[in-house]
Each structure stands twice: as structure tokens, then as C-alpha cells.
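Common to both upcoming complexes is subunit A, partnered first by subunit B, then by subunit C.
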Partner chain A sequence: MLERIPSVIDVLVPQASTYAGDIDGLFTIILVSVGIWFFASEIVFFWLIFRFRKKDGVRAQYVSGEKQSEKKWVTYPHLAILLFDVLIVVAAVRVWYDIKQDLPPAERTVRVIGQQWAWTFVHPGPDGEIDTADDIAKVNELHVEVDRLHHYKLESKDVLHNFSVPVFRLKQDAIPGRVITGWFTPTKTGEWDVQCAEICGVGHGLMGARIHIETAEQHAAWMAQESPLQLAANAAQKQEEE
Partner chain B sequence: MAAITKVWRTALVALGLVALAGAAAAQQSTPPGAELYELCAQCHGERGEGNQVVLAPAIAGLQEWYVVAQVRNFKGGLRGTHPADVAGLRMHPMALALETDEELKAVSAYVASLPPVYPEPTVEGGDAERGAQLYGTCVACHGPDGAGNEALGSPRLYQANDWYLLSSLQRYKNGVRASNPANANAQVMLGIAGTLADEQAMKDVVAYIMSLRK
Partner chain C sequence: MAQTIPADVPVHDEAHHEESFWSHYVFSTDHKMIAMQYMFTGIFMGLIGGFFAYAFRMQLAFPGVEVPLFGVVSPNEYNALITNHGAIMIFWVAMPVLIAALGNYLIPLMIGADDMVFPRLNRLSYQIFLVSAIVLLASFFVPGGGFAGAWTFYPPLSSTAEYSLTPLGSSLFVVAIALEFAAFLMGGINFIVTAMNSRAPGMKLYDIPMVVWMIVVASVLFMLSVGPLIAGAVMLLFDQNLGTAFFNPERGGDPILWQHLFWFFGHPEVYVVLLPALGVVAEIITVFARKKLFAYRTVLYTVFGTGVLSFTVWAHHQFVAGIDPRMAHVFTVTTLLISVPLAEAMFVYIATLYGGSISLTTPMLWALGFIATFLIGGVTGIFLGASGEDIYLHDTYFVLAHFHYTFFPIAIIGFYAAITFWFPKMFGRMMDERLGKIHFWGTIIPFNFIFIPLFVLGLAGQHRRIYDFTNYPDLAAYQPIRVFATISLLVMFSFQLVFFYNFFKSMFRGPKAPKNPWQANTLEWTTESPPPHGNWKELPTVHRGPYEYSVEGRESDYWPQNEPA
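Entry: the complex of A and B
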């Protein structure tokens, strides 16, 4: 539902996951709610300054804020802001549940390993399973298939990192000693940034990688080319030729 | 009395100006490599003494051509891009921080200019006598005294940390440090490390290399 709310964020960073629109919608709700109250309070503030400016023969008045007629200037906006807060919280909890609490069944699983200062991505090979002989491990290069629900299993070899894919609107801390499972479904083909979003040492700013979102055909071709079994077969053939 | 105070004041101001001029001159004569090295110092230490905890070997006084070659390898992805190369993966982005080849050369020259530290051996269980026999394979490139050979791209060995030599041999043998076929020197070492039967043989040869220090 939230993804239908127009957003300005995707002008700068495209949305490339099923939930990117929900996150952007949430930002829009917060921006509009806070924006309305920002402008309302500034208008009232400057109007009061102008209305009760210094005038000849008029003494300044001390307002203690105890009378009902004075208190309402604080109470009514306060209640209205609480109402807006409830709106934001309800929307945020729905989005949080969908992205972080709920874990739809995976069509593919990739292992994401952070370390100072690189990402290693272990992709399933042609057998579709990870932790088997045909896994494809790549440094700073993640290949996924568009419109497939992926689980990621996130680990860290050393310190805190954060697996951040801006086009997915995804950020997840990696914590040494834990394997954190999450999900995403890419919706747009192309090559985009992956970054670390948790200060992890002197090389943090250089800990960038690329995600390649491919069509089924492109992904199958990449897998066939990079599969360790295929690479071994190629090497054996080359040796034979020599 | 007032005249003496004035003399003192003038002398102090003059001294201050001289000190400032000296500092400015020192600033100008500082090689840019020293500034660039501040990034390296985070792991390799201010004197290039290394820090095993973060897998950073001693680099002070390494041969300049070797430092240039290795940093270029790291930068170009010829080294430090294997998923199991924990230390190498740290160096790859650090080398990328050197934007130009001039910067790379400047920091390499600074590293080479640091006085060598000859770190204390930490690897136990190596037999230098057995290692001397095994070292026969290394002589062709690294020389009988372990001094290296620039023409062959073989660095001086006895200056390195023994733990670093051991881990390098291990990483060469399992292909981690020779994962990119375009790195020709690493491919040579892949074959050479393969002739060492096991970790004990590696420790023996490392113990012998340590004994080559004069």
C-alpha cells in the first residue's frame, strides 16, 4: 500500500526491490507529517512575534501559561502531533514486520560475509543449493536473478559491518558470531552499489561492492561460466590441448 | 631596566620567527610519502614494525621496487582478492586509496626509507638444519643469502616476520595468494610452495631463513 505514495527518493536512487517502495512511502509519510507541523508552528511563531511586537504605550505582559485559554496553545498541537505519531508508528510497524519479521520461503539463498574491508558472496551453483561443491564465491561481486525471492545469510569474520543495498532500501547489521537471515526480491535488472553502513575501521569507506541483477538467462550464463566444476573442466581441457 | 626588557622581547620574537621558519622549511621538505603513510601506520605501525594481531607484517626498509610491485598488485586485484585471503582483502582497498601512481611510488619510497626492524621470530618448532636443505629450491631466485633478486622479482627474505613467511607459504600452497593467473611471480611461488610437503617443512625453511640474518 505504501509503495503507491509518490516519493522523491527514487529520482536519486531507483527502487529495485519489492519493499523499496514501502520504505520510500514511509519516508514520505514522515516528511509530510513533520513538514506540516514545521510550517504550521513557524507560521504561528512568526505571526505571534509580529502581532505582539513592541508598541508605544503598551507594556510587556508576563504569561504564566496556567489559564486554559493559554494552555490550549500547547495542548491542542501536542494531541494532534500524537495522532500523527500513531499514524507513523502504525505504518512503520507494518513495514518492519513485512521486511524484518516475516521471512517468506526462499527460491535462492546467498551467503554474505563481511570482513575488513571486503564482501564475499557465496552463490549457489547450478544445483541451486549453497554449501555444496559447486558454490561460486566472489569478492565484492553479488549476482542475483530478478523477480526471485532470495534469502541472505549474513556473517562477519571480524567486527560489526552492515550489509547495505541502497536500491533495495536494505540495511542489515552483520555481527561476529551470528548468522543473520533476511530476504529480498530484486525487481529491476542492472548493476548497483553495495556498501558497508557501519563504521568498521580505517578502510570502511572503501568497502564497496557491486550487485548484478540479471535476467534468468543472464544469470544461468554467468553461473555456467563461473561454476567451479566448469572452471575445473575448462582448465583440464586447456591442459589437454597443451 | 625598560631597555633590557625590550631587548629580551625582541630576542624572543626573533627566536619565535626563526622557529616558525624552521618548522615551515621542515614541513616543505617532508616527503609526501610520509603523509600518505599515515594510513598504512594504522596497521603496520608508525615505524613500519608491523602488528601480527591485525596480520600486518613489518614493512620498514623493504626494497622499494618490491613495495611498488606489491602495492600495484593489491591495487590492480592481482593480489588480495581471494575470499580466504583475510589480510590481502584488507590491503586491496588500502591500495585503492592511493589515487595515482605517483602517490603509490611516494609511499613505497617512504616505506623503503624506514630503518629495517628485523622482528623477533615467533614461530616455534622449526628446524633450521633441515630447512637449509629445503632452502636449496629457493636459492635460484632469492639467493643463497636470502637477499633477493630484483631482476626476478624475488624479494629479500630474512627481513620479514617469520609468521608472515609461514603464512605466505601456506597461502601460496593452497592457491590463496596465487589465485589470479595474471600474477606471474605468484604462480612461480605456487609451484615452489607445492614442493614443501607439509607445515613442518615450511617451518623448517622459515627457521633457516631467520638464521640468514647477519
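Entry: the complex of A and C
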């Protein structure tokens, strides 16, 4: 529902996950809600400064603001703000629930390991499972298949890191000693930045990676080429030829 | 038996008593002198914090360039610069200037007391603060350099030397922070006790000027929130140096615990510095609009409400930090709720302008500038408090721009508002209005040109604390925006020279200030400028509230609190 709302973020960063549109739509909802209040306040504010500027012979009025008839000028707006807050809370909580609290079943799982100062991505090999012999481990290079629901298992080997994929609108801290599971479904093929969004020491500024979102065919081809079993077979064949 | 006064008890009518340089300027127990010590130390630290900002903004705009007066910024230097810029600006500028300097200067003068209740504790507070500043400055010169793991010093980076590569810097940083908090705790106790016990006869609770109330509430918030952080700082120090494992997951500790301890303090801290600034603005707009403060009691209750709520919002800093995702709902609700009292405070200030007779003097420009810019800081906070949106915006430049739109109005605009307003009282001379206005526009316009572009960069997914964005293919194209922000910063900094010229020239050469140059009501304007030791020859009595401006049927449009009816 939220993803149908036009947004300013996707002008700057493409939306490449199922929930990117929700976050962008939520942004627009908040922008409009607070924007109304912001401009109304600033306009009234500057108008009052202009209207009641000092003039010769005109004295200021004595208004205590303690009478009900005067206080309503701030009471009604603040009740209205409460109403807008409720609207924003409802929208925000829904988006949060879908992305962070709910965990739909995985079609693929990748392990994401942060350490000073690089990302290691462990991809499943052709068998589709991680923690098997044909896993494909890559440094600073994440390969995922479009339209597949991925789980990520996020770990850290040393300090806090943060796995951030702006095109997904996804961000999650990695904590040493814990494995944090989350999900994403890519919706667009291409290659974009992955950043570390939690300061992690001298090399923090260089702890970037790239995400490659591929079609099923591209991904299968990549997997075939990078699979350790395949690499071993290639090596064996090469030896035989010699 | 005749009563005699022992010789060592300070007697406060000794206005003409000759003091030595040391007892007057260095070991003074006079609240005004301690306020000046805090203020000038704060300004000095502000120059350092500002210089750091200059150095790392230059690096961001022109990566690898040799920054004039600094040199090439290495990655670790960059991290140390941003870390200490944040820590200095909040703990060694905003806190000493807004709470300690204003609290010390204004509370006794505005409530009609001759000094603080505990003058020696007050002196000790400043001395410990000075030591904390020296410890922090010393940390830049130890082997390994200053701490470089962000001003929030999250472990394990901050607790483990192998990770941070600044073994001594990170310990000194924690020591400096802990000392600094001890200092402000003493100051805060003094403020609360003084404001509650030493008011002039006739000054009821609702007759206390708003800025005094705000500093008192801020001190209470500080007192209630700082305990966990000092405990945390000691635990961190133990982890760093004694081999404990409070925050070390390999041995059963938990790094998230630190974040809770830090932000349980850290979020109320925002209001600790905000409230004094709000108080300053209330004093100034009432004087220069010649208006009674709109709904005094509502403002006060709003402040109490904000104070209570501020203890319940801390985990909105940790939405994506690995806390239980269900917890985010609670903190979203509380965070958005706190927008209500703060919006109300803004509305009250705007309503105060209605029906006024507004003169745009320099202090008034700063006070109005505070409201206009703080509104941006306020509304952008809503995006970040909304859990769902924070997933994207967390730790981006959007956050950075947001809190600079809160802290810049608080610490910088609030300071300039206060100093231009109370300068005549503090130094007995008037500042130059024309230079003051040039400085105002030369600060406020570039300020917006620095930070509005940073909101855009944040939306584009640019994260904080990265020393060279050109390494990121998706972010490299935004380099012109970074250059624009940096040039705006240079323009803003250059206009600060106007202020310092005005400040020091007026201090020695400005026209003599009368007792009450702004025709204000509060008690500090009823004594000499500057006030003598002991403040008044005869302590004042209070007959009415602080904001009785333009009362109908009176010849003059102000009515000092001490004037008999």
C-alpha cells in the first residue's frame, strides 16, 4: 500500500527490494504531515514578526495566555499534532513489523560476516544450502538472485559493524557473539554499494562492498563458475591435460 | 555573650575589598567569576571543536588535500577529529556554556541572591571541569593519538586496544568524560539548591524567570540520568585496563549494555542542553516584544512533561542495533509523544509574539533565529523516531543534519543570544549592534547552506564517519554538494571573526551600559552593570512575576519585579 506513494528518496537511490517502496512511502507520509506543521508554524511566525513590528505610539497588548479563550490557540494545534503522531506511529510500526519483526520463510540464505575492515559473504553453492562443501565465500562481493526471498545471517568477528544496503533500504548492526537473521527480496538487477554504517576503526571508511543482483540465469552461471567443486574439477582437468 | 563573625567566613558586603589577582580570577568563589571561567573555557574548547570541523570538512570536500594549518588528514586522524568534535561540542561547549556559565551567572542574579548556596563546591566544580578539559586535550598527544571510535564510544571498539589502535587515547577519553560529569553534578546540585532556597523574599515558584526554571529542570534531568553513564564509564575503564569483560561478548559480556547505559543518559542530555537555551529565548522574546510570556504555567508543565518523557525514549538510537524488534514499537510511541510538549513550547513562543511591539535587536534576532531553525531540527526528528523509517535513515547524514539543526540552535545560537543579551550586565558595556547584525546574518545563512545539502546526502544513502566518499561508486557523484557544504562552513567561520572583534572591542571600548539597558523586568537588571561582589548593596524584594510588560493603565511598558506596587 505504502509503496504506491511517490517519494523523494527513489529519485536519489533506486528501490531494489520489496520493502524499499514502503520505507519511501512512509517517508512521504511523514514529510507531508510534518511539512504542513512546519510551514504553518514558520508562516505564522514570520507574519507575526512583521505584523507586530515596533511602531511609534503603538503599545504591546497584555495577554497572559492563561485564559481558556487564549490557551486554545496552542491547545488545539497540539491536540492535532497528537493525531498526526498517531497516524505516523501506525504507519511506522507497520513498516517496521514487516521488515524487522516478521521473518518470511527463506528461499536462499547467505551468511554475512563483518570484520575489520571487510565483508565476507558466504553464498550457497549449487546445492542451495549454506555450511556445505560447495559454499562460495567472497570478500566484499555479494551475489543474490532477483525475486528470491533471502535470509541473511549477520555476524561480526570483532567490533560492531552495520550491514547497510541503501538500494534495499536495509540496515542492521552486526554484533560479535550473535547471529542476527533478517530478510530481503531483491526486485531489480544491477550492481550497487554495500556500506558499513557503524564506525569500526581505522578502516571503517574503506569497508564498502558491492552487491550484484542477478537474474536466475546469470546467478546460475556465476555459481557454476565460482563453486569450489567446479573450481576443483577445473583444476583437476587442467592437471590431467598437462 | 557577644556574637563575633569568624574571620574565615566570607562576608558578602565586602564589595570594595581589594582582592589579589589569584583570589579574584583563579580561586574565586564568586558565582559571576566562576561563570566567566566556564564561559571562556567553553569558548576556547569551541574554537578547538570548530577547528576540528574545519579540518574534516576540508578532507571530505577535497580528499587527500593538505589542509592549511592541519596537513593531510589520515583515516585515523579523520576518525579522531569527528569523535572529538562531537564530544567537545556537547560536553565541553554546550554543557559549560549553557548550563554552567548561564546557570552560575543568572541564577543568583535572577532570584535576588548574593551568591550560590555552596560557593566552594562551585569552585571545585569548575576546577574539576578544567582538569577534564586538560585530560581530553592531553589525549591528542599520547602515543596512538586521541580516541577515534565516535563520541558514543561503543565497545568493543572503545574497550579493546587491538581494535581501536588508540590504547591511551581511549582511556583518557573515558576519564575526561567521567571527570566532566562529576563536575556538572556538583554544579547541578548547587543550581537546584540555590534556586529552591535562596530566592528573594516574595518570589514564589511562579515568579521565577523561565530560564532559571529551565536550568533547574535541566540539572534535575542531568542528575537523574548521569549515574548509569558514570557507572558505564567506570566499567569501560575496567574493561580497557583491568581485564574485566562487562562489554566483551567472548567472555559473557554484552556490548549492547553499553548502548543502553549511554543513551539512557544521552537522550535526556539533549534536553539538558536544550532547556537552558529555551529559557534564554523566553527571556529575550518577552523583553523585545514587550510581552508577557504566553501561558507561563503551560510552558512550565510542558518542560516537566518533556523531562519525564525524555527518560523513556533512549532506545530510538538503537532501533537497528540488535535490540529485540518488538521493543522498537514502544520507543517509537514515546519518541513521537515527546514531540507534543516540544511543539507546544514552540507554539507558546510564537504566540508570545502576538500583539507585541517587536524590535529586532541583535539578541532578539538570535532568539527568533533559534525558533526558526530549531523547528527544522524538531520536525526532522520525527522521521528518525519512526522505527520503520529509521531503518533507512539511521546513521546517515540525515541524522547528522537533524541533530546539527537541534544542537547548533541550542549551543551556538543560544550562546550568541545569551551573550548579546547579557553582555551589558556581564561587562558593563554595550556591544556594537551593527556588527552584531552582520555577524547574525553571516552565521545563520551559511549555517542553513551547510546542513540542508547534508539532508539530501543522507537521503542519498551517505553514511556518517567515512573519510572519503569518493571510494564509493554510488556516492562519488555527490562530491559538488560536499564541496558546497564545506565552502559554506568556511564562510560561516570567517563571520565569527566579526563576533570576536565585536566581543573584545566592546568589552574594553564599548559605551558604558546603564543598569537596565533593555528595560527588562528581571532582578539582574536592578543592580549595577557589572554587579559588584555580593550582587546588591541591599538584597531586592519581589512583588510580581517576571513578565509584566505592557500592563494596561501603567505609564511605562515594563514593571520590574522588585518595584513596590
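Quick notes on this one:
Just so it is clear, the second predicted complex is superposed on the first by the 239 of 242 C-alpha atoms of A that agree within 3 Å, B and C clash if a C-alpha of one lies under 4 Å from a C-alpha of the other, contacts with A are read in each partner's own complex, and residues count from 1 in each chain.
The criterion applied here is as follows: a contact is a pair of C-beta atoms (placed from the backbone, for glycine too) under 8 Å apart; a residue touches a chain by one contact, two chains touch by 3 or more.
Just so we're clear, the structure is a prediction, and the values are computed from it rather than from any experiment.
Once the two complexes are laid over each other on the shared chain, residue contacts for A:L206 go to subunit B and to subunit C alike.
Within the superposed three-chain model, A:T215 lies out of touch with both subunit B and subunit C [touch as defined at top].
When the shared chain is aligned, no partner comes close enough to touch A:T132: not subunit B, not subunit C. The partner that reaches more residues of subunit A, of the two candidates subunit B and subunit C, is C.
Of the two partner chains placed around the shared chain by superposition, subunit C is the only one that A:Q61 touches, whereas subunit B remains out of contact. Of the two partner chains placed around the shared chain by superposition, subunit B is the only one that A:A118 touches, whereas subunit C remains out of contact. Residue contacts after overlaying the shared chain place A:A92 against subunit C, while subunit B stays out of touching range. In the superposition on chain A, contact is made by A:K157 with subunit B only, not with subunit C.
When the two structures are aligned on the shared chain, A:P77 is found in touch with subunit C, with no touch to subunit B. In the three-chain superposition model, subunit A touches both subunit B and subunit C at residues 116, 202-203, 206.
Those residues of subunit B whose C-beta lies close enough to touch subunit A in the complex are 39, 42-43, 81-83, 86, 89-90, 92-94, 96-97. Residues of subunit C that touch subunit A in their complex: 75-76, 78-79, 148-150, 154, 156-157, 160, 163-165, 249-250, 255-256, 289-298, 319-322, 325-326, 328-329, 332-333, 336-337, 339-340, 343-344, 346-348, 350-360, 368, 371-372, 375-376, 379-380, 382-383, 386-389, 391-392, 394-396, 456, 459-461, 463-468, 471-475, 549-552, 557. Those residues of subunit A that touch subunit C in the shared complex are 8-9, 12-13, 22-23, 26-27, 30-31, 33-35, 37-38, 41-42, 44-46, 48-49, 52-55, 58-66, 70-71, 73-74, 77-78, 81-82, 85, 88-89, 91-96, 99-101, 116, 158-160, 162, 164, 166-167, 169-173, 175-178, 180, 192-193, 195-206, 208, 210.
Of all residues in subunit A, those touching subunit B in their complex are 113, 115-118, 120, 122, 137-140, 157, 202-203, 206-207.
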